[in-house]
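Note that the chains are named A, B, C and D in the order they appear, and that numbering of residues resets to 1 at the start of each chain.
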Amino acid sequence: MDIGFSVEETRFREECRDWLHANVPAEKRPLDAADAIGFDKAWQRRLFDAGWAGINWPADYGGRGLSIVQQVIWLEEYAKAHAPWIGANFVGINHGGPTLILNASEEQKAYHLPRILKGEAIWCQGFSEPGAGSDLAGIKTRGRIEGDELVVNGSKIWTSFAHVADWQELVLRTEEGSQRHAGLSWAICDMHAPGITVRPIRKMSGQTEFAEVFYDDVRIPLSNVVGGLGNGWKVAMSTLSFERGTGFIAEQVKAGQEIAELVTTARANGMIKDDRIADQLSQMRAEVAALRAMTYRNISEVVRTGQPGPEASVIRLFTAELGQRLERMAVLLIGEDLIDFAYGDDNAVQDYLRGFASTIAGGTAQIQRDIIGERLLGLPKSR
Amino acid sequence: MDLTLNDEQEALRTATADWCRDHMPLEGARSRPAGLWGDLETMGWTGMTAPGLDLDHATEAVVFSELGRVLAPIGLISTAAAHRWFADSIDGKVALALPADEPRDMRVLDPGGANVALMWTAGGLRLFDMPNDRTHAPTIDPSTDQSRQEWTASVGTKDAAAPLHLQLLAAAYAVGCADAARDMAADYAKLRHQFDRPIGWFQALKHICSDMAVRAAVARSQLHYAACSLDARDTDAAFHIAAAKRLGDQAALDNGRANIQVHGGIGMTDEAAPHLCLKRAHLLQFIAPADAALLLEDAA
Amino acid sequence: MDIGFSVEETRFREECRDWLHANVPAEKRPLDAADAIGFDKAWQRRLFDAGWAGINWPADYGGRGLSIVQQVIWLEEYAKAHAPWIGANFVGINHGGPTLILNASEEQKAYHLPRILKGEAIWCQGFSEPGAGSDLAGIKTRGRIEGDELVVNGSKIWTSFAHVADWQELVLRTEEGSQRHAGLSWAICDMHAPGITVRPIRKMSGQTEFAEVFYDDVRIPLSNVVGGLGNGWKVAMSTLSFERGTGFIAEQVKAGQEIAELVTTARANGMIKDDRIADQLSQMRAEVAALRAMTYRNISEVVRTGQPGPEASVIRLFTAELGQRLERMAVLLIGEDLIDFAYGDDNAVQDYLRGFASTIAGGTAQIQRDIIGERLLGLPKSR
Amino acid sequence: MDLTLNDEQEALRTATADWCRDHMPLEGARSRPAGLWGDLETMGWTGMTAPGLDLDHATEAVVFSELGRVLAPIGLISTAAAHRWFADSIDGKVALALPADEPRDMRVLDPGGANVALMWTAGGLRLFDMPNDRTHAPTIDPSTDQSRQEWTASVGTKDAAAPLHLQLLAAAYAVGCADAARDMAADYAKLRHQFDRPIGWFQALKHICSDMAVRAAVARSQLHYAACSLDARDTDAAFHIAAAKRLGDQAALDNGRANIQVHGGIGMTDEAAPHLCLKRAHLLQFIAPADAALLLEDAA
């Protein structure tokens, strides 16, 4: 055990920091979706050109081929520098790309990965359905095989960036009458294909960053299936496992920044004199430190064994619930000004309202507790 | 001693709930029809304890928790209190001013259609004129606008029961809000299926709902007791009403949050109703809040 | 709605108060079990002689035949006067007696009820078994019918006062091969009968007030079955329903006394200056008030309709969890002196350790939440 | 950067766990055999970081959390710290004195067989002689006795790392205690059947266990990080160790309570093991407690 970094890693960190210091845009990422997409693409291109896109992606497909620890260092410095959220590139960089690296054919990788890294192709996710939320295996969107195509009908929901995406990682039922995890496939769906309709969904915080997607005889070439027909569940799970690897770095650094800001705010407005506030802030400072320790531990596990340890599911739940506690504290420190929140405001109240998603999206806190009980402690499966 | 509703109270409660279902459903909270206020006056809810009607506070609390359950206008709270304590000086709707320290601007909730605003402080109620040239801005609660104004001439009452009365009505709203979230969650938990079962079958979801039921039942019992203690002019009334407000506020907020979790993705959307309860609950925290120090004072 | 009491009720309250003031023993109830039984019997006899036993029990069987509100008033004044815990008479007065009133034959009532009220007969409970705790219907103790007798074999656990009891309310399986709730009977078991062995169980707080009871061919006359053979579940449930009526009065008054003491203690030792402590104390004062309101509401429901409302299950859970919060606060206010606790000490730490039982015994908090979700909210049954 | 155990650490951890299982099982915590202390010295745990052995604190924390998991004697904490910081002045077992203000009597934990007691304060460690004529009284933790004594001559160290070292070992004990309760609960939840299923099948029980796992994992990660920060003589070490102690203490206490609930009736008995974890957890709260104010100080 050792929390130090090697000379090479430390030098790499300095490089990251220097570049970010010189290049992080002064202007904020636009709130308006149409402006934001241009911003996101341009920023991603700038990252790519400077060699900061896909640090641990294979060099053959435009990545740098560096270590996962260097990727972690980059993500830490990126967050510390308050560099802009990658926005519309999120799914491509954090879900689609990694899934392709693990599961796709040479041809699929060669086509898509560089486009993702360069910010040329925007991806969105297509997992959840109105009837398949926590029960992801309840997917009903179906793809009928006709010749060398899938003909897709159904709908997906909670798809972020659906209105600006070029591609979608679509999990659908390709074997008629199949049940649960069997008979699903993971396909690359062209979001510009005829038959796709996108209906934006407004969140209670006011944004419409996610949508419902409807498929009406949408045709997808069979060559766009990744990992083989009927292997969709396995392919989708590989993405989730990636998420549980480095996927938490950004949130962990953000939590560190948030707690620091909360302490500063509470000192400034005097609320820290309330023992309840001071105590909760102390508690969260300890928890944020522990979150970093857990994340490092998990990364170390990935470096050592090639995959995250079983405690990764703990990180996911803990990150979500700690994040909500931080957001609640931020709202508490605002006091009566909370009342002034209106749709479109970009402040702590918006973060708080959006934050309800963190114990719902990608597996509710209840499902996470099932997973921890069953996989980490070996308790019998409830479902 | 009887803490159940008598027949008249039960009849009024049912009538209120029925009317609200037909004319003021929760789902419409963010855009109430223009003529609604006139209907509320006709129904008598703006002056239940005013000279003339003279119902007791227990009955009023029962009715106001039904109104709070559909997220009725915040102005009903201030209007009902003003009709009780300032019957001679007012006519029509009264907005609700949050406590502030002069000369800081007053924040006035639900100003639409009102000429005067009632400010609650723990020490008393004061009625302020409202300027005609004012702008209305949204609040976190989509059902409620606000305006800001400077301090104007005011009349006040020092009757110790006056602020208690308004706090009781706000507590009733909170209890109603907690009830609404509980019912919405329980209904959805019966309707929504995952893993081939209603999600309410799963203990993890069921117990979230059970805890909502506990919070609401605890707060409601205390609300009724508090209302009776005000009617009896008990020396403990201030304590009991503060307790009711505190428990009501907590139930409204905690149930508001839990309801969203039970609803999952749908619960985070603007078009679904759960966030309306949550946001109302946040607003209620600032209306006649309970004084923690009072809750520690020696019982009489 | 109305929180006042009638002139008659107020006069009754004064009578209670006066008698208690003059008669509550100065000495504490002995901790030693052997001494305590004598004390309990003598005190119960004194209550009976003065007309305070069985206030709302039928006059025919030694009770006063007064109203449930008067019973509530007595229990409140009893607790306020710090009158001794009824100890070994608890099961007879609070479980056995009420069950007999609701379900027993004239003969059974005529024999047992006066003896319970006079403190002449000590009762214990025989519901739980090593394999049937939360799952009470999993009872395996069996009674084979031989002539006009049941021949009982099996064991019961968590039986308080088993070593001093004369009678036991025993729920057992009298129909061979029957399952779950069917085929159970509720019988009056003579604890002095041959074949009964009592093994005391020590609690983590040090007392041995409960025990495991073993039955080896114990013979019970069929005439001791209450409510008819095979109706044991129904009979047992009627007791539980009583428990949910006035059963909480004593706990509710005790909670009021406890919170008052905690506030006094925290003021005296200065810990109330800690906003966390002050806030928790305020919270619990509000909750204790609400508990009284709920209890009154429930009693009002019983007066009006003859049975407790569905919210009675809420009172049970809330009482248990509030009690534990009070006990934890009491231990927190002790500070480092907590360390000095030793088996046999009769103080806040002992109350805290014993208090773990309140979310376990008589239905765990988890079972209570199932009941609330299912009966109060109509959610589907999980089991 | 590597927060997994290296091969040597893993080997030591396994060896410790194996030895404890055979010679110092948790179930025997209240009556350890007379010769146990000699065995602990032979195993090298009383002076892992003392001059001579010189293992790092990370390794020591790993081993001490295994020892804490079986509720090993409290005196091991003080003895190991004393051997590191007062190697010249001591020999054999060292008891643990809780911080006190002169002239109030000192409370000394696990005094049996010790001639000196080590007092932890946030500012340093001090070693006190113990009187020969002392009486031993029980503590809430059935594995631990205590004695009281007046203030005697003492030697101290002002090295800022010394109190951190002892606090780290106490945190390791707490993490081990939390682990023990979690494992005990999970094992019982698999074994115990109600309603024809293992109780761990029910989400209500499963999620109690999951939360125990979360608390233990969070505390353990921070413990390992904190140990490394002490080895690196990081300026943040005091913060990280305080965080580890706070999270460890909470995990031990909350898991201790949850474990009893999972066990139901059996969990309340003296003969079952759950209460031993709970009571140890209560004792640990008083040993080198984390300073909340320190946790709020600006990070370096």
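Heads up, the rule we're going with is that a contact is a pair of C-beta atoms (placed from the backbone, for glycine too) under 8 Å apart; a residue touches a chain by one contact, two chains touch by 3 or more.
Computed from a predicted structure; not experimentally measured.
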Report the chain whose mean Cα position is at the greatest distance from that of chain B. D
Chain centre separation (chain A, chain D; CA means) in Å: 38
If you average the Cα atoms of chain A and of chain C to get two centres, how far apart are those centres in Å? 53
For chain B, residues that touch 2 or more chains besides their own: 202-204, 207
For chain A, which residues are shared contacts with two or more other chains? 279, 366, 369-370, 382
Connecting every touching chain pair, does the picture come out as line, ring, star, complete or other? complete
Touching chain B in the complex: which residues of chain D? 202-204, 207
Where on chain B is chain C touching in the complex? 1-6, 9, 58-59, 62, 182, 186, 189-190, 197-198, 200-203, 206-207, 209-211, 213-214, 217-219, 221-222, 224-225, 227-229, 231-232, 234, 239-240, 242-244, 246-247, 290, 292-293, 295-296, 299
Residues on chain A engaged by chain D in the complex (per definition of touch): 1-5, 9, 69, 260, 263, 272, 278-279, 281-283, 285-287, 289-294, 296-297, 299-301, 303-304, 311, 314, 317-318, 366, 368-370, 372-374, 376-382
If we count contacts the way the header does, which residues on chain D are in touch with chain C in the complex? 98, 107, 137-140, 146, 193-195, 199, 202, 204-205, 257, 260-261, 264-265, 267-271, 274-275, 278-279, 282-283, 286
Where on chain C does chain A make contact in their complex? 274-276, 279
